[in-house]
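Got a structure for you, questions after.
Note that the chains are named A, B, C and D in the order they appear, and that numbering of residues resets to 1 at the start of each chain.
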Amino acid sequence: MSPPPPAARRTRPPAGGRVFGALNVLGVYGLVGGLFALGCAISREFISPDNLMNALRAVTLLGIVAVGLAFVTYSRHYVDLSIPGIMALSGTVAVWALKFGFVPSLAIGLAVGALVGLVNGLVIGYLRLNPIIWTLAMMSLLSGVIRWAYAGRQIYPDKATAAGRAFLELYHHRLLGLLPLPVAVLLAVAAGGYFLMRHTGYGARLKLTGSAYEVARLTGINVRRAVAGAFVISSLTSAAAGVLLTSFNKVGAVYIGGGYDFRTITAVVLGGMTLAGGRGSIVGVLGGVAAIALMNNVMSLVRVGQFVLGDFQQNIVQGAVFILVVGINSFARRRTGGDDA
Amino acid sequence: MEDIGVALRMVGVSKRYPGTLAVDDVNFDVRAGEVHALIGENGAGKSTLMMVLAGAFDDYTGQVCLGGTAVGLHSPAAAKAAGIQMIHQELSLAAPLSIAENVLAGRLPRRAGLLDRRRMLSETRRHLARVGLELDPQTPVEEISLHEAQLVEIAKALANAPCILVMDEPTSALSRAEVQRLFEIIRRLRRQGLAVVYISHHLSEVLQIADRVTVLRDGRKVATEPVAAVTAAQLVERMVGRSVSGLCARRKTAPGAEKLVVEHLSRYGFFHDVSFTVRAGEVLGIGGLSGSGRSELARSLCGIDPVDAGRVLLDGRPVRPGSYGAAIRAGLGYLTEDRKTQGLALRMSVAENVLSAVIPRHCRHGVYSPRRGGGLLARLIDRLSIQPPGPGRIVSALSGGNQQKALLAKWLAADPQVLLLDEPTRGVDVGAKVVIHQAVAELADAGRSVVLISSDLPELVALSDRIVIMRQGHLIGQLDPAEASEASVLLAANGEGKLVPA
Amino acid sequence: MTPSAPAPTRAAARPPGRARPFAKAAAAAYRYRVYLLCTIIFAVMGAAAPHFLTPGNFSNVLKGTSTNLPAAVGFTIVLIAGQLDLSVGSAMTMGGILVMGLSPSLGWAGAFGVAVLCGLGLGLTNGLLVAKARINSFIVTLGTMIIVYNAMAIYCRGGTIPATTFALSDFLQRPVVDLDPRGAPPALLWLTLWLTPRNLVSLAVMAAAAVFLRRTPAGRGLHLMGGNPQAAWYSGLHVDRYVIGAFALSGLLAAVGGAVVAAGEAAGSLKLGENSLMTIVAAVIIGGTSMEGGKGTVVGTTVALVALTALINGLSCLGAGHEVQLVASGLVLALIILYDAYWLHRRQRRRGQRKDLLEELQARAASDPPAGRGSQGAPSAPGPGREGRSHG
Amino acid sequence: MTTRRTAAWAMAAMLGAIGGCRSEPAGRKAPADRAEALKQSLAVDVSGLKSADTQPLIIMDETPLQPPPRPADPLKLPEDDPLHWYDMEYAGWRGRKVNLPRSPGDGALGKRVICLRHMDHPYTTAYTRGMEKVAGACGIRLKTLTAGNADVNIQSQQVDQVVNERPDLVILFPVDATAVVPMLRKLNQAGVPIIASNLLPVDQGMPYVLTWTGPDDWGQFRMLAREFAKRMNHEGGYCIVRHMPGGSPFFSRTFSVVTELKKIAPRMKCFDMQTTLLEAEKTAQVVSGWITKYGAELKGIVSADDSGAQIGINEACRNAGREDIIRVAAGNSKVGMDFIKAGKLHGITYQSAEADGALPMKIAADWFNGKEDLKPVYYLPKHVITAKDVDQYMPAQW
């Protein structure tokens, strides 16, 4: 989308491939550390486990989605704008499918999400359509279809059935009585994502595909499949988050997951995943998510004057920090001799 | 004083990149009405020096005088204003725009502030005619072929009526005839008093067109002397800093069994009805002019591009068409001619690039650990003497020659039964060339088959056991091994040689 | 080896030797796909939807178009420059809210001035961050989109700012030639009813942009820059200035658009530009502007915008719900870009084919059935077309 | 791929879309004779209709409207003075009207009514359901348009469309209380009778409408505030989760509580108020922040919505182990009522979505039948649902 700068200006980089990566990750964790210090300075309550737990809870689902989207960004396909649609769809379908029992409904929910991801993957990976535009169209289609299917109603899990109750409790379920399920899912997804990206053949192929598509193709890598895979992964995590969010909201409705598209890409990029593809890591992405969590939390603790629309100020600060951090990252990368991607 | 007639003089010019000193205190001058060749191995600083002229850097040191007056070339605009035009190695045309708008880029004719289309088109036609192109100026550049594009690039440079013309490898995609036409143009311009700087790896071209030649090595100037006074061998010696005994000894091997059989392979509009065989331990050279369909043949052969008719057999088993992955698994490999955009991921390390072709081999139960490839990697780096040897190096930090070695290493790592080499030494310095030639020879001696596509005739003749000739999309036959020589290849490629059926 | 008949492959089924009867028509259809789409929508809706093909509704469609048109034009310019501007929606909102908020104190002219200047400022900021700080435009404009929207939310305290008088609104909405809808002959109404100052402003903006992009050296330079920044740079163009300029224009136009809309609706609200971005992106892409830069026309964008608006409007004439409109517009966008991809694929497949070879192939296809093609002539025998041009 | 095939594709897309359209219900044919038509129309009795929660469908607040005297400049007064909000609360009460169209007086039978809704939402779905019941009973042909996702521009376009289609009456559910004024004016000038609904337009808009019907946000939130105060024993700090910006509830459901509590329970203190766009997650985050920030001093939370936002609030309280916090909210969604039954919510306003949709249609029918002396505003009755009487409002409407 944004064209390469004149090569003549691009300085010849010295050694050090993983320097950038490390630098990005360090960068975002530096931010996290700074926010942490700020929080401690601002109020005593900040450091309390309750508060930190709240901060974490607020971004658990965001984290789950972000890990998936990271693969799309890593493959140099920017963003999947159909994420909110996938979340709403999988959640709603899961509620509808409760009549087949609890586990089947979860399975069906995830499957539907993955199906959308597969379509995205096939169209973008195999037909080479622009990801932003296609997923935009897909988003419009999905939100239309959901409204159409449920005629503007929202559907409730039936409390009368065991499956319904189980579904409503899903979000609050605690593994071994202490670890909240969403957090567990996040940890699992993150670990899986990290392993997949770092330590599998797929990860290596995806990296080459993301860094240099043509090269990957002429190395005999099935680039189309690699890209399609990224979209399927992203849709799967979105679906999982969607089901959890639906259980949290106690209803399946079209507005579930709204705003997750841009919030997620913000977290991913903040975490040092460059839109140029092939760079960044899941660890960094988690850092980005943590940074957003702390930013919100700290700002909500600031005692600003009464009767202000605190939300708006918070967003402004977030937007500014976002641009700033990414700017510093790309600047640092240029300085260390990388390209401006 | 001696500045009389000197169009350009560069005094003590240096340019430092982070890490390296690319150009180190170079003095260089061109007289009006002379062609001054600039040669040297890759990474010797030729291109950097000329980019200084093109105004690509605002941080070079030293002095540049044009016609005796010092000028600062800190932006391309400044360079253009000073009458310096550059023909770039990698084309600088905008694909979606029309030829006309590319040729007249930056100086479109205007009437009453608006664009004057009629004049734009007529002017463009004139400029295209000079380089012998009859194309509609309104055709988008994305729809013309590569060598047409290169001619457009030249027309674009000439359109700006420069007083100093810098040509960086202008002939890489041109056919012989086109090269000759280009030389005619250059000679005419020289008579008109234009000062030309000519950068090339083709010593033959240099000796043919240049008046003086300057040799650079490691960013320093080694020598400047009139072309009449030097031989190719001497120039090579100065470039590499050591004497090179004949490029590569002619190999003699007893070919083994038939390895690769190509039957009536066609991709409509690119090459038709091509049939040949390659034996184990044999190097089959494919001669021909640029645009004769050799690369297209190679790409379709290993499934990168589609095949419309015919088939390919490896060890008697047909290779699934249209799937490069399958072809590689079957034992084929294709080393692309376009290193920068198709061969190497410049952002990634040498190790990652070299091992990228053998990812599955280093996976155990789904776990990929490049470390397993460490030994292989070290061997290859050592065998091809890739400099600097660090596997963690980012590829873009390597010189062209070493990048090419890395690219070859990638395919040696994959160790295919049949390796197709497309211009394996294009734009590569002599030192790297020797290494690559040896590697190819060893490959064949190890019983692998090699298909060599090269416009470098000495290389083609020296390395190949057999040479077949392609012309205008047809394989028109094989040279009699007895009398294969640069000359015979050239004649055959131009459709005048005598051939035996392949 | 014996010349055996070549194994049939999937592609061999249709040798390009055969002349394709519809080639011309298909090419034209692709070339003018936007107009085609627009015509189809008008035809279908005109046939199906009550009250659709009436002067009143036509002007209604154009009003809907003009709402997003200036911003869409700006977006097109940025896309041609090879960048992306997600902040157009917020810029519209800003223009609208500022005009309404400031007009009591500064008067209409003053308020417009300030609003437009703010738009320009936003654009410049985007441009500088992209060109000088070298941050990806997707990221920059995503950030400014959020910042500006929330700044406006604070400015109008989450509410909506009404106009103090209806005078300007009436002026902007009333046709220049004001005929009585009941009395006047429909033919005249068709011509005059949509000629409101509000629409005219948008049309003027569009026309100016079209001339700028097609007929001025600067405009062509923008294309060059988007198509190949390096080439532009070597041709002595100031690439950064073009990038900044493109963003500045986009911000400015979006603000103008927002301001006009707010003035016309006699109210500036946060929701003004909220849903514009998606519509604009869809329209610009359907209009044939390429995400890779260097390619695109504002006329195409305009027609596409008309088509989309007509689609939505027609559907609601049919009483179709929001969901149907979403599905329909999604489908149209999807189909168009699939169509594009298909054509790109075909072009790349044919790119670089040699004329002489194709002619030869046709000659053969004429002379004998494709099956026997393999056995035709020993490879070394001189065939037809051999001595053609030295290159294809 | 040829021209024809492309065309075919596009056609398929269109027809597919058109296939899904809800076409207007036919409605009974009105007899030619006006008197006969009127007689038949008057014969229709809708009082027996019930909404999904088995409550009567046609309900309205009969108490006469008597607004207090308007202060010179309300906005000069402090925000916690009820009269600061005078123009918002008593919008149009003074009943000033401009060129209202006369009733045709020939009966509702076979009349065409268009309803412009602000967005797709379960509430509006129930709202439309109620409206359709009445329309069906009265033989009125109803067509419903939705302004996209609460998009002012689209609503404005749909208003133009209505002007173009000239129905017998339009029921308008504004996207925005202020931005709707010019639209009302335009419809009024075009001679289209308007009944505004649910969202009370600002005062400047009221002259153009026959009347307005909807929930009495100010009134019922005062009622809710009194219930809230009672449960808080008239002391302690509280916070308010606000409605979406842009609508009147954003202010009414906030400041009616603030002003009322200032009057009846001066010892209660409002710590903080924020909009969370009614999103559960966001609300949970904000409320958790409040609980951390104000700790034990925070005794109660008022919410502008008992579904999404309330879920967030309860989540936060549950996580912090602060089930003791007193919670009241607006609207009677299923979620809210379940919370009431579960004791996690102590009071919600009864706002029957179906009745909200039925009332304007009923009044439209009366107007068609010749009833022209309409009140400037018709409120739904005010009531606060608590654990005591929640059962009689089940099953919830949405």
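To be clear about the criterion, contacts are C-beta pairs under 8 Å (C-beta built on N, C-alpha and C of every residue); 3 or more make two chains touch, one makes a residue touch a chain.
Because the structure is a prediction, the values reported are computed rather than measured.
Enquirer: Check A-B against B-C and say which one is joined by more contacting C-beta pairs.
Expert: B-C
Enquirer: Please compute the C-alpha centroid of chain A, do the same for chain B, then give the distance between them in whole Å.
Expert: 43
Enquirer: Determine the centre-to-centre distance between chain B and chain C, using the mean Cα coordinates as centres, and give it in whole Å.
Expert: Computed from C-alpha means, the inter-chain centre distance equals 39 Å.
Enquirer: Please tell me the distance, in whole Å, between the geometric centres of chain A and chain D computed from their C-alpha atoms.
Expert: 36
Enquirer: Once you find the CA centre of chain B and the CA centre of chain D, what distance in Å lies between them?
Expert: 73
Enquirer: Check each residue of chain B and list the ones that touch at least two other chains.
Expert: Answer for chain B, listing residues that touch two or more other chains: 54.
Enquirer: Mind pulling the chain C residues that touch 2 or more other chains?
Expert: Those would be 153, 158, 226, 228, 230, 233-234, 292-293, 321-325, 327-328, 331.
Enquirer: Which chain A residues sit where two or more other chains touch them?
Expert: 6-8, 147-148, 152, 309, 311
Enquirer: Could you list each pair of chains that touch, in label order?
Expert: Pairs of chains that touch one another: A-B, A-C, A-D, B-C, C-D.
Enquirer: In the complex formed with chain C, which residues of chain A make contact?
Expert: 1-8, 78-79, 123, 127-130, 132-134, 136-141, 143-148, 152, 262, 265-266, 269, 274-276, 309, 311-313, 315-316, 318-320, 322-323, 326-327, 330-331, 334, 340
Enquirer: Can you list the residues on chain C that touch chain A in the complex?
Expert: Result: residues 82-84, 129-130, 133-140, 142-147, 149-151, 153-154, 157-158, 226, 228-230, 233-234, 239, 278, 281-282, 285, 291-293, 321-331, 333-334, 337-338, 341, 344-345 of chain C touch chain A.
Enquirer: Applying the document's contact rule, which stretches of chain C touch chain D when the two form their complex?
Expert: 22, 25-26, 28-29, 33, 36-37, 40-41, 44-45, 48, 50-51, 54, 56-57, 59-60, 63-64, 67, 153, 158-163, 166, 169, 173, 261, 265-267, 269-272, 274-276, 312-313, 315-325, 327-328, 331-332, 335, 339, 342-343
Enquirer: Can you tell me which positions in chain D touch chain A when the two form their complex?
Expert: Residue list for chain D touching chain A: 20, 79, 120-122, 124-125, 245, 270-277, 279-282, 284-286, 288-289, 292-293, 295, 307-308, 311, 315-316, 319-320, 334-335, 338, 398.
Enquirer: Flag every residue of chain D that touches chain C in the complex, lowest number first.
Expert: Answer in residue numbers: 1-3, 6-7, 9-11, 13-18, 20-24, 119-120, 143-146, 148-154, 156-158, 160-161, 163-165, 175-179, 181-182, 185-186, 202, 204, 245-246, 250-251, 275.
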